[in-house]
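Here come two complexes built around subunit A, the first alongside subunit B, the second alongside subunit C.
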Partner chain A sequence: MIDEESTLGQFGSQSALDAAGLGAELTLTLTTALHVAGALIFLSVMGALAWAWFRTTGARTWWIWAGGVAIPAGALVILVVGSTLTLAAIRAGGENATIIDVRGYQFWWDVTYDPTGDPVRDGNEIFLPLGEPVTFRLTSEDVIHSFWIPSISGKMDMIPGRVNELTVTANELGRFRGQCAEFCGLSHPLMAFEVVVVTPEEFRAFVADLRNEARDPDTIALRQGRDVFMNAGCAACHAIRGEAEGGVLGPDLSRVGARASLGAGMWPMNVGNLAGWIADVQDMKPGANMPSYNHLTGPELRAVAHYLDSLK
Partner chain B sequence: MTDATITEPHEQGPILEERHPTYEEVWATPKGWRKLSSVSHRVVGKRFIVTGLIFFLIAGFLALLVRTQLIVPNNTFLDAETYNQVFTMHGTLMMFLFAIPILEGFAVYLLPLMLGARDMVFPRLGAFGYWCYLFGGIIVLSSFLFDAAPDGGWFMYTPLSTREYTEGLSADFWLIGVTFAEIASVTAAVEIIATILCTRAPGMSLTKMPIFGWYMLVTAFMIAIGFPPLIIGSLLLEAERVIGLPFFDPAMGGDPLLWQHLFWLFGHPEVYIIFLPAAGMVATMLPTFVRQPLFSYGFVVAAVVTMGFISFGLWAHHMFSTGLPTISLSLFSAASTVVTIPTGVQIFALIGTLALGRAQLKVPMLFILGFLFIFVMGGLTGVMLAAVPFNWQAHDSYFVVAHLHYVLIGGMVFPLIGAFYYWTPHFTGRMMSERLGKWAFWLMFSGFHITFFLMHITGLRGMPRRIATYPEGLGWDRLNMLSTLGSYIFAAGILIFMLDFIRHRWTGTPAGRDPWGAGTLEWLYPAVAPGHNFHAIPRVTSREPLWDDPRLLEAEAHEIDGSLRGAPRGRRETIGCHPVTGEPHQIIRLPHPTFIPLWAGVGVAVAAVALLAGAYLVAAAAAVATLVIFCIWAWEPSFTGETHNSGPDGVLPVNAVSRVSHTHVAIVGTLLIIGSLFASLCFAVLYLWNVWPSFTTTAGLADPIFAAAAAVLGLGLAVLCELGKARTNVLADMLCVLISLGAGAALLWSMQATDPLASALGATLTVTVVFVAIHCGILALWSAIMGARKLAGQVSAEQTLPELNRATYAKVTGAMLVIMALLLCAPQLGVLS
Partner chain C sequence: MAEASGMRPLRLAVSAFVVVVAGGLVALWALATPRQDVVGQAVSWVDVRWTMLRDWYNSQPLDGEVEWETAQLQVRGAVAARGPALMIEYGCGSCHIIPGVSGAKGTVGPSLTRFGERAYIAGILPNGPGTLTNWLIDPPLYAPETAMPDMGVSDEDAEDMAAYLLALGHYR
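What follows is the complex of A and B.
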């Protein structure tokens, strides 16, 4: 049902010029208008400059009134009206929106669906229903981050102690890439996430499915992986529904294997990358709060990576 | 010119018997290592310019490191930590240690020459400012040696910059070093205001002032009001890091956004503070190459003043994505677009000037055309960014990186390089190369556009700023590679400029008198700068005296008729004028070379370094030592009471007691800075009250009796100083000391129940109270010095200038005490509950 190829390396998956959501589409129209008008004004001013360069017979005060006051004032009125109307259109229709909470951490995203009803957590990948308004309630647990999915909408900061709301409507099925836009420390460039736009039915099915407990490991190898997970203390920070509840300091791993990418949108999700991540997280993502588990043996790493990859 | 003006020493009172040194000797710059004691505006200005140029080259090198890291995706040329340090230091050096200081250097060098003054009006203050800038800059830069370079961005957003997320000293290097260097900016602001208003040539009314003077006057006022919010912000943040006062901690009632407000209250005017002096240089240079006066001078002046005001109402457009309410978004968006109008007026005034005649395409003119081309584009993208929805996409993306470099490189670096080509003959007596200049221009111009035009697209394709690396295939790879190659081309242009700048010193064509045929007064003397300005200060009757008064260029420069010929009393003097009319009303005595500013700078530097090293005792000792140096500085004889014949402008008093005298104007300028510092603190208090409404419980802890007593004492102080300003009276001085100390102590005492560590509001109130108390202390120290001087018999009855200045200072201190008491008593009065 869902394309599991990550957006890494997908041209335009993180571009404000490839609009696939209400905010981005309206803003793209505004952007185009602004650039056309800007180019015309620029060419006119340069034309006036070139003309004045060759003219030697004097200047007129009305040039300043026209070029410096009247024309800019007229252009500004149009700009302010256009931008205010766009702003109003972007902000309209958020009343019955689905609410999703997103918390920023150095350097990942904690996502909670249905926060006002029966909250259920996920991380670093956000599902959106096609054509329905969604209000993100954004905050941060440490420093300031900024939540930005260029293809869907403009950005909104995540500020500790505050909750900012951002209402978006996705208008195209598919996968998009979001990224932290406020400098947040050492691994700021490695703080991205995947956005998956699905039909409203699929969205509701996804959230319902998220509530289910993780599948029990059904092979010896996977059970060994689960044991490594438990013995190494991973559960202190990471939750796996039905297996290890309570860990909140790291991303919820109940469906980690189903995500398209690892390390907050930075590497394709597969067993090899998972094992490398666990052993070497400080190398892959300097400054992350998770220590490198390089004391695990090769077989242990393989087992736990396989186990995590099986959580879908 | 008559012989009499040369031969007769115009003295009243007893003729001194000993031979006075000649004018050249009086104004000579000390030789060898003693040159460090020079306080001449030429020396200080050139120090600023050369130091700024060095910081520019370092910051430019850092920019090349940034571009090299980004040339390909997933690059490992720099690790993330180094990259963050490099881009942070690039921004910090460019903004704080290059752009503003180098423009101040040009202003300090050029203003007295253009205005007809023999020096800046407070030469020692300028010299002290330079040492602060140099030492502060060295402190910031030295962080690389300790592997503690700041890495939180030049904007230092909290909470990332707090101790919890930035351990070690890196943020402290930034906060202490930059604040230290900023002393140079605010001292220069006071100096520039007083120089422009009080030392213009006879007859130079404000309407006849060269346009650069207007640009710098507005800039100086903007610095005086715009820098204090950042100084306060930095002090608060440093206090949070070191002492743990929780200003920005949401768990304690603080707010990280408070830092952003304070930062951008400074940061937005800062952009105009950088742009305006450069635009002023353009408006000075361009008419020279058209051989016609600036078109619509009055419009330009009005536009510049308007811009100064508007620039303080735009700060929140850097914060559109922080979740401001819609009404604020709309207001700040509309306000941000309005700045287009004064900018447009200035651009069209330049275009109009070009239409007045046939322009010569010399190298400075080439850079001016480059400025117009690039800056207009940057201005247009700036207007786009004022549109909130577009801003939400473009903010913190490479689009903004492109925009800000269009505005800053286009608006400041291109005019600056043009200015180097234009005024270097004045600095060194030799011309820079037209041929190399053209190479430099075309390399810079093409490299600039390759680098930064493409970044608009990179940004719209979703690349955020300040990322050390990026994954491949998202549409950013080729654009980044081209941008990096463009930056190398730009750097090659800068390199050629630097080579030319060094080369011309030895092999440049000697410049004659007024080599560009300019009309402003700085070209009066031949290009081999004599080290002193005007043997006699000519009367000015137009904005372009060298064009309109041909006698000025016909005679030898030192023979030109004017006021205050030579140095008959063996002292450095210049004419003091009325701020508006420009008519002379006093003779200003200027200081001779002295090491005092250097010692004061060293004292502050030791205190800053000790603070960084955690050696608080050493820091305190250095602070006390600095205070002693300042007292020695202040302990100089007054010359008020002397009168001398200035020549054509008649008999004038020395250092007249007047509201429009340079020292009183400087006091007003200083009070503007103090007022802005205080307003920033009050802004913080009110802001936190707004986000944390249990204001009354915290503020209510203050003792209303003592707060009210402080206010009453403050009012009494203001009245006492006002009534006593016309007389010298030791008892009044002693009374002032007692009342000031009493007011400060009462205010501090009223806060004893407030725990500054317990809440952000308590911390902010405490800091504000301490700030006001410090000003009570300054007033007490000042009065004590005044009293001591009288007891030492140094003061005669008519020397009441200090009394006049103190009265003005006491009024503001009294007002601050009253405002503070109102804030502290309000909960009791039930007004705020």
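What follows is the complex of A and C.
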């Protein structure tokens, strides 16, 4: 169901020119039409200029009225009508949309599915149902961020103390990249996320599965890792369903090992990167709120990295 | 018509005049500036940039510069060229600086620069193709207190990464 191959290094997974959603497709059509029309207008104006320069007969005032007033007015009317209709079409379908809350933090994304019913948290990876409208309710907990999935829709600012809504419809299965599009601090360029478009049935199964408790550590080594997680104080900020559910300051880690990437869409998810991340967060993501845990001993670090990787 | 057709040469003459005047002004500016100095500055500017570019380029891994053949000989059957991609896949770069591996700038563990010349692995195992391959597969087996986890590396991948690391010689 879930392709774990991340979008890291995948060319075109974050491109508005590679549209895979309603908003991006309509915007791309409008952009293409504008560029073609602009090129045609430029060529005709240059042609008229050349003709006027070398023509041998006298001037005609109606040229001024046609070329300087009528044609620009007509072009502007077409432009206004076209862009208004496009915007209306992009916004349509928001009434019965699935709602997903996304809160921006420095420098990660807190995702809540079904916020109006039985909310369930996840982070840094967003699942979307194919072909169904989804309304993101976007806000921020610290500074202004901007939520942007170029392949699927336009961007929307995340502003502290305010909820902005963005309705999108994904039209292609697969993984896409999102990126914070508003400078938000030291690690702003390292604030990305993955979008996974699945069928509506798979989407509902995913959300239902998310409500289950995280996988229990089933070996001695993994249980040691769980103990390190508890003793080192990780649970103060990070929640793991069924183990420690209080932490809200950091990403929910209930299925962290199942995500394709680590550090908000930045590195492949595996034991090696998890260990390096825990030991030296401030080197991998300068300015993040999580401290580097290099006071863990070697065996403790290995155990907790294996434990987190096992949460799938 | 006679008057109108007479306009064309006039406009062409005006265009030519504008071009000649503009060109003349540029020529005057060029002559008025100490010419040798301008050329010298341009040459040194280009030279500095070129040197920077060349150094940057040389700092990247190149097929011709890493001694792939030696590496293949050291770990029989291994494909050293797969090393960098494998090291990204296993996340080695979050802890180690590894020449030629994109984004490998970690400072959790030791830098792997010139690893082929390293005497001991982690200060414990004599460095060599066999020991390095075994170490990559299960570091805690040899160093129980190490922070380096067992990353589930397959035998084949370990051999390829070992071959690459052993090829990191004097110049990298």
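Things worth noting here:
Going forward, the second predicted complex is superposed on the first by the 282 of 312 C-alpha atoms of A that agree within 3 Å, B and C clash if a C-alpha of one lies under 4 Å from a C-alpha of the other, contacts with A are read in each partner's own complex, and residues count from 1 in each chain.
Following the convention adopted for this analysis, contacts are C-beta pairs under 8 Å (C-beta built on N, C-alpha and C of every residue); 3 or more make two chains touch, one makes a residue touch a chain.
Predicted model, so just to flag it, every value in this text is computed and none were measured.
The partner of subunit A that touches more of its residues, comparing subunit B with subunit C, is B.
When the shared chain is aligned, no partner comes close enough to touch A:Thr116: not subunit B, not subunit C. In the superposed model, A:Thr57 lies in contact with both subunit B and subunit C. In the superposed pair of complexes, A:Thr86 makes contact with subunit B only, with no contact to subunit C. Residue contacts after overlaying the shared chain place A:Arg177 against subunit B, while subunit C stays out of touching range. In the superposed model, A:Asn96 makes contact with neither subunit B nor subunit C. After overlaying the two complexes on the shared chain, residue contacts for A:Pro150 are found with subunit B alone; subunit C is out of touch. Shared contact residues of subunit A, touching subunit B in one structure and subunit C in the other: 53, 56-57.
Against subunit A, the residues of subunit C that register as touching in their complex are 1, 4-5, 7-8, 11, 88-95, 103, 105-108, 140, 143-152. Of all residues in subunit B, those touching subunit A in their complex are 79-81, 84, 152-153, 157, 159-160, 165, 250-251, 255-257, 295-296, 299, 303, 321-323, 326, 329-330, 333-334, 337-338, 340-342, 344-349, 351-359, 369, 372-373, 376-377, 380-381, 383-384, 386-397, 460-462, 464-475.
Per the touch definition, subunit A reaches subunit C in the complex via residues 53-54, 56-57, 267-268, 270-277, 279-280, 283-284, 294, 296-299, 301-302, 305-306. Those residues of subunit A that touch subunit B in the shared complex are 8-17, 23-24, 26-27, 30-31, 34-35, 38, 41-42, 45-46, 48-49, 51-53, 55-61, 63-64, 67-69, 71-73, 75-76, 79-80, 82-84, 86-87, 90-91, 106, 142-144, 146, 148, 150-151, 153-157, 159-162, 164-165, 177, 179-189, 266, 286-287.
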